[in-house]
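You will see chain A twice below: alongside chain B first, and alongside chain C after that.
Right after this comes the complex of A and B.
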């Protein structure tokens, strides 16, 4: 095999992960593993009410406690810092100034009100107990739609005169006219549950200030070190050059660890006041109230069709719950982008309303609006098929875009790049034996349970279509990734990236791509991730965009570095660069392997500037920034097989099949891990996870790990992953993003399977999560409607 | 040292050690912050997530539910004891091969739980393994790789039961 062919095999190979050894040995460096000399610890006092006036606050007994070093209140924070900034504002919405501590009013349970630094976390918590806060509870509203009612308390008076933060419409064609002309229209109100990302490591921060050097060093559990640095600079009114943010190992992110949180700023303010390092580690009860929630929305979704089964229009009018403030990434926006899914239609409208409520702020979470709208659309597709007397799978197939239709501009303006949607639908149908299921008479099994099969198809936006697209949506960040490659005298390559490591395997995938292009050993690439002091400015890891953007940057930087290394080698070996190849950590003549030069030799020459061509400058280092022009759209179909008890509503999930296309898989092992992990998160959100607020008290009643049911190993049904690999024409290696896709289809596939199992009773499901109780209620409703 | 600090002597990963801890400090914090064994992680401090699982006298336990002082005289094993020199143990190697970790925060908990299962000498079916492993949570992997890795380790690569 030629060296080139051998190297080619690096992309597409399931290489062992760079990250694994340290993590397996307990030698990862998570935020709480950072221990600084003379370090102090911070604890945060939080509002116990959903809405309250803060009439007074006496910190003097706490300050008198031995070991307490410093206390910040809302007034201090207003004097010392500016409000937290937002990376992804809601388009067209006014700013909602958000300080790190509440001032005269707190508007959600868990909002930070006071923070204490002491010699230990335990002492800081003791001190919080001594702080007397005079709260006057105010009327609150926790329901998304009630928040928009005329009599609801207005949560941001002075900025808004109601709780409607913004309304935005994306439309194409004449959907209302098409609806009026349709032979049949089905519509429904869908309620999507509020969930949380549930990273196993909560958030955390260690801040250290050196007043003489004017240097703030921050270790944080973040997906976006460079963006956090920028936001800290804004709120602290410091020059960005004074701040370094480093994230070494991050214990899960899933979108929740994007951008600044109040505690990041508080730790910095304390550290700057004291000149000593300050650590804050979020505990799990805080996590449920202080780290952003996700998903909650109410969809009024309708589909119009002809009796022959052609979809003519979609209207998607939804209200998304922002919680109390606009967090860094605010509420999900993609429910307006991919709402028509894989179907071919020209007339559609998405109307998005953003409501403010007395709850923890909503933020980004894996899928970012796509699982939500997928549930509404795909459940309604099945319902429409049943009304028309058509098969759910055939109905989908009939309306799906064909490969020859692509690229296709959807009614939202998104451009689907390529793919074969029907193929994934058929693969899913075959995998679960759908034809046989359809043909067999419907009989209960021994337990009296009925079997059902359901499908959900999707198209997923991965990556961003350029910074121009982001500017149109009001986002304060770019679409690019960047990398610096630096040759070292050992003959290896140091790769510097601002992408922090939180489980996605980017150290591995980046090294694979880099090693492939340089034709060097995978082991010779040393990845240094997540430190703003050493990495080029980048965007960060979210939106399934990292690999898409970073792959282009790595390719450009590696080409530049390789070109210079080969020019130096050619000069030494007295040949032309084109006559050379790299193999086994040496550069050699392609036609005469005995004439070679070790990479360590070439790199050393370049670094010290001795023994290089006179026209070359010393050094061997390259940086590149790359932004893709277009987003890549991944796609697929999930199928669920369930067995449901028509009396009790109890059910089991017997199989889950996912057919997915992520284009070229750089590392199939990582791809499977991402898809599977996402699927199980989607399963949790579909079946058991629910952040419930008591409407009377406004309290979060499922806010602990004992009350919030994320799946355990024993809860996961058999899952099969099937891949289609159609390379995307818009990315460097044909890849599509893979980080979020698993979360998108499970809920709809499961609901459709349950409705199929219980079809003879006319069961319809429209809210999440899907529990035995909700199925039992749906059975009861259906029997009431059709006695 | 303030007066509420107490001296604790125990055996950790084969070595006799002695350190001070406040009476209210839990065992996971003691291992992490007093003994510097930061491989044991803390995820909920209420005995649900299992990140802090260690072996206490051979039994897998959640160390956030123990006070540091309860470790007096105990024999404790943590994740730091598994690898020998630069070589991963069979269990760790199985996790690597099966892509049984992503962010790695939960991994020490699963490794210590599985080490405890192995030392029990029992045989486990895949369903039983899933049941046993439900004492530790993972949000990244969807568990499949973890179940397979533990199955490899307990059954020498072959499914049992």
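Right after this comes the complex of A and C.
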């Protein structure tokens, strides 16, 4: 390790991505690229109502259609499989039964009700039209808070008495007393919009069953092949050994592709009934109702402070919308973990309520509660500063934890490992010329627009504290990652990982670390990702934890493999392993480079067991599992510069600056890609994206690309990234997670910039998205309140 | 979603296309650029008896100068309007507005005839044609007829065309020397929340004449702000004139409330967007 740490040549290098060559040539292999002989296609009939009794269903006309091979109904699914299972249940909450197809009652628009397999997708859709389903619409509830009202229809009457799935509190100190003593308290109700991740590749699955071999092969667009295999085994009541799950290229994950979905199970059931491969590819209209939504929540957030500007208490009482069912990851849980942000205070409480509504189930999405609570807290921080007559930047700085305060146990019980929060705040302020902006007189530009600057600081949890922590929360996965390294006779290394490739660049980062430790060429590492048949059991890629955990596993496995290779080489060269070094594709004496042995020679000896020391066993491969001891906490500050029209509410985002620290950057190019991608998703959620349900009909009204305002490339404002790089003491190479960070601060930074621009009107913003019309309404309200 | 089965015909001439339309008793649909038609087919919201593909009708794809007039065939692609030097010189308002339609891929396929027949109240080509006072040539079993653009729309997505008529050409008189266009979108080149196009002549006496102001997205069809136009006749487009014209336009609108914006917000923006366009005109005359 010490020798490795000293080199550091590949770790920190912006190597080109291993994935790019095939992707840019159009040679990726996504789910729909999997073509099998005799393949059939599946289409799913979905409930058009938010809540309905299914009184009857006649599939006979559809079955009579030539080319239709098989149909499954809710009754079939109940006979053939168990309900879908959950990976990350809500602590303390009962299980909500949810089968792959609705039975006597459907509880959200888009819930699968019937499934047809035919010789083509078009034919399967023709067949769906022939199936007469007798729905009796029932009273529904789509509003998060109304779902908890006494007169709301209870959606899971067998399990719950109301739509409150769970209530949980994390607290430290005496926040209510501190709040009562505070000189000033600001509080607000914040509404966070419901959004969706919008991966370029929707979900998809190809299932094949070989009855003679009792072997189910499932190709799926998933972030968690091994967990999906486990969940399929549970619902199909099959031994895990009968199931192989493979994800080759995955066109985007973002947390949405964690664990099992109904269609995975349906494709498997059809394939097992028919003995023919069955493919289902989600189309974009289905996607809007069939893949999990995210974020929707209502926060009642309050901050108390003394007149001198010291924050004394935070109360964070919020309700997250679960949708109709607890999906594999359910609604976000981190709004209770990082809700005090980078600020130093001892007295705080987070109360989380989970409400069930007649909407598409909520699932994990990049940030998982952190963007939501960041919006509430950072907008109120600015408002509090304004009320106190303090500068927003100075007010933050005054209350921030200092490097010497860390490690710091927050009121939620999380332990921030290390960092310099004030540094990122100052960097952001300097980057946008904040001091000059503060000093300059307020003057509209030629278009009548006023300039505003806003900040948002954050601390982000990346990775999991431990398997013990996860066990306490009822999660059925661990905190570790694993890798198998296998030498081959070409002198290269095959690296096997259960982490599928969905754009995060893990193939590249894993190869970099592996090549670094083995001191071999980066090109000689062949990464084989996402196949349960070849990879060691692992957790999966989510929670910004892949690299944090995998780096340790790669290090251990590579050390083991390297040790054995050097022992064999030393035996052949009649020297001691310590006298040897690996350089490129050879092992040589440190002192005499002319005495060397090709890696292909050493690896061949080991693999065939010929010409190796008598005490060594044949073979040259190593597997390792590694879990970090603690979560690592990334941090930073974003700044937004806007120009806003005080008459119309229209505004432009002129600059977005992100200062962030993800510790040691294994590959700065990947870091930049991750942060930029997250920022753009954060901007979309902040400014335009909104899944709106009509309260009267319970229908999703923005359920297509026509009405869901995902930004295009042309909508992205100029973005500047600034890096701080303070190594984390709790991870193998000092790295912190980076996958989700970009989603966290944009909304608050933009809202604060708008409030700054329109400060003379007293504008306050508290709901997302921030649209020209919503700013105009806030202006009208403010002008009404302060004429 | 996959389209339900449909019958497909590729017409090789206008007469053949008309014959097919007659064969299907007006229940067939014409396929030009397909940018609105294909999604509707795939979502199974439209089930025409047949599709009649007119893309092979090269006689409908021409841009021609006929004396002072400019004629655009119904199949002229948006991308042609965007790049043609003839259009830039003779119909600069259309050349400007066409860049606000969708993305490159859509503009490569989409046609001006298709856009006019689709009749989305917020789309650019109907508004541009209205402000330029275009005339539309339609051919049916009984022969050809000319329809003034002011008479072309019966409402949202509804035109004066008979079910067996084919739009073949759009004719434009000489283009006014000054023009301006503004629109507000929820994202780049999305359907407009509202749009304003204006043209006019500035004479040596310092006054504006023949001003035309059209509004998109604020009624069931693109509309002319006729009261504003009358008010501004002969004016110098002073700030006060512009403000009065903006207010006067409110009589011409009946804006929808939809996911892109409320009626109230659209109404609030109309005078502001008219002012933007008129200030641009003023500037254009100065330059």
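Convention: the second predicted complex is superposed on the first by the 780 of 787 C-alpha atoms of A that agree within 3 Å, B and C clash if a C-alpha of one lies under 4 Å from a C-alpha of the other, contacts with A are read in each partner's own complex, and residues count from 1 in each chain.
Assume a residue touches a chain if its C-beta (ideal position, glycine included) is under 8 Å from a C-beta of that chain, and two chains touch if they have at least 3 such contacts.
Nothing here was measured: the structure is a model prediction, and the numbers come from that model.
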- After lining up the shared chain so the two structures overlap, which partner does A:712 touch, if you call chain B first and chain C second: first, second, both or neither? both
- In the superposed arrangement, does A:301 touch chain B (first), chain C (second), both or neither? neither
- Query: Looking at the overlay, does A:692 come into contact with chain B only (first), chain C only (second), both, or neither?
  - Reply: second
- Using the superposition on chain A described above, determine whether A:542 touches chain B (first), chain C (second), both, or neither. neither
- Task: Could you look at A:122 and tell me whether it touches chain B, chain C, both or neither (first, second, both, neither)?
- Result: both
- Between chain B (first) and chain C (second), which does A:339 come into contact with in this model arrangement: first, second, both, or neither? neither
- Message: Tell me the contact category for A:288 with respect to chain B and chain C: first, second, both or neither.
- Response: neither
- Note on the structure: Partner touching more residues of chain A, chain B vs chain C, is chain B
- Where on chain A do chain B and chain C both make contact? 120, 122, 283, 706, 710-712, 714-715
- Any idea which chain A residues touch chain C in the complex? 120-122, 125-126, 129, 283, 285, 647-648, 650, 688, 692, 701-702, 706-707, 709-712, 714-715, 771-773, 776
- Given the complex, residues on chain B that touch chain A span 22, 24-25, 32-33, 37-46, 48-49, 51, 78-80, 82-83, 88, 92, 95-97, 99, 101-108, 111, 129-131, 133-134, 136-147
- Message: For the complex, give me every residue of chain A touching chain B.
- Response: 16-17, 19-28, 30, 32-33, 35, 120, 122, 197-202, 249-254, 283-284, 502-505, 669-670, 672-673, 676-681, 704-706, 710-716, 719, 742
- Across the complex, what residues on chain C touch chain A? 1-5, 43-44, 103, 184, 186-191, 259, 261-262, 265, 268-269, 272
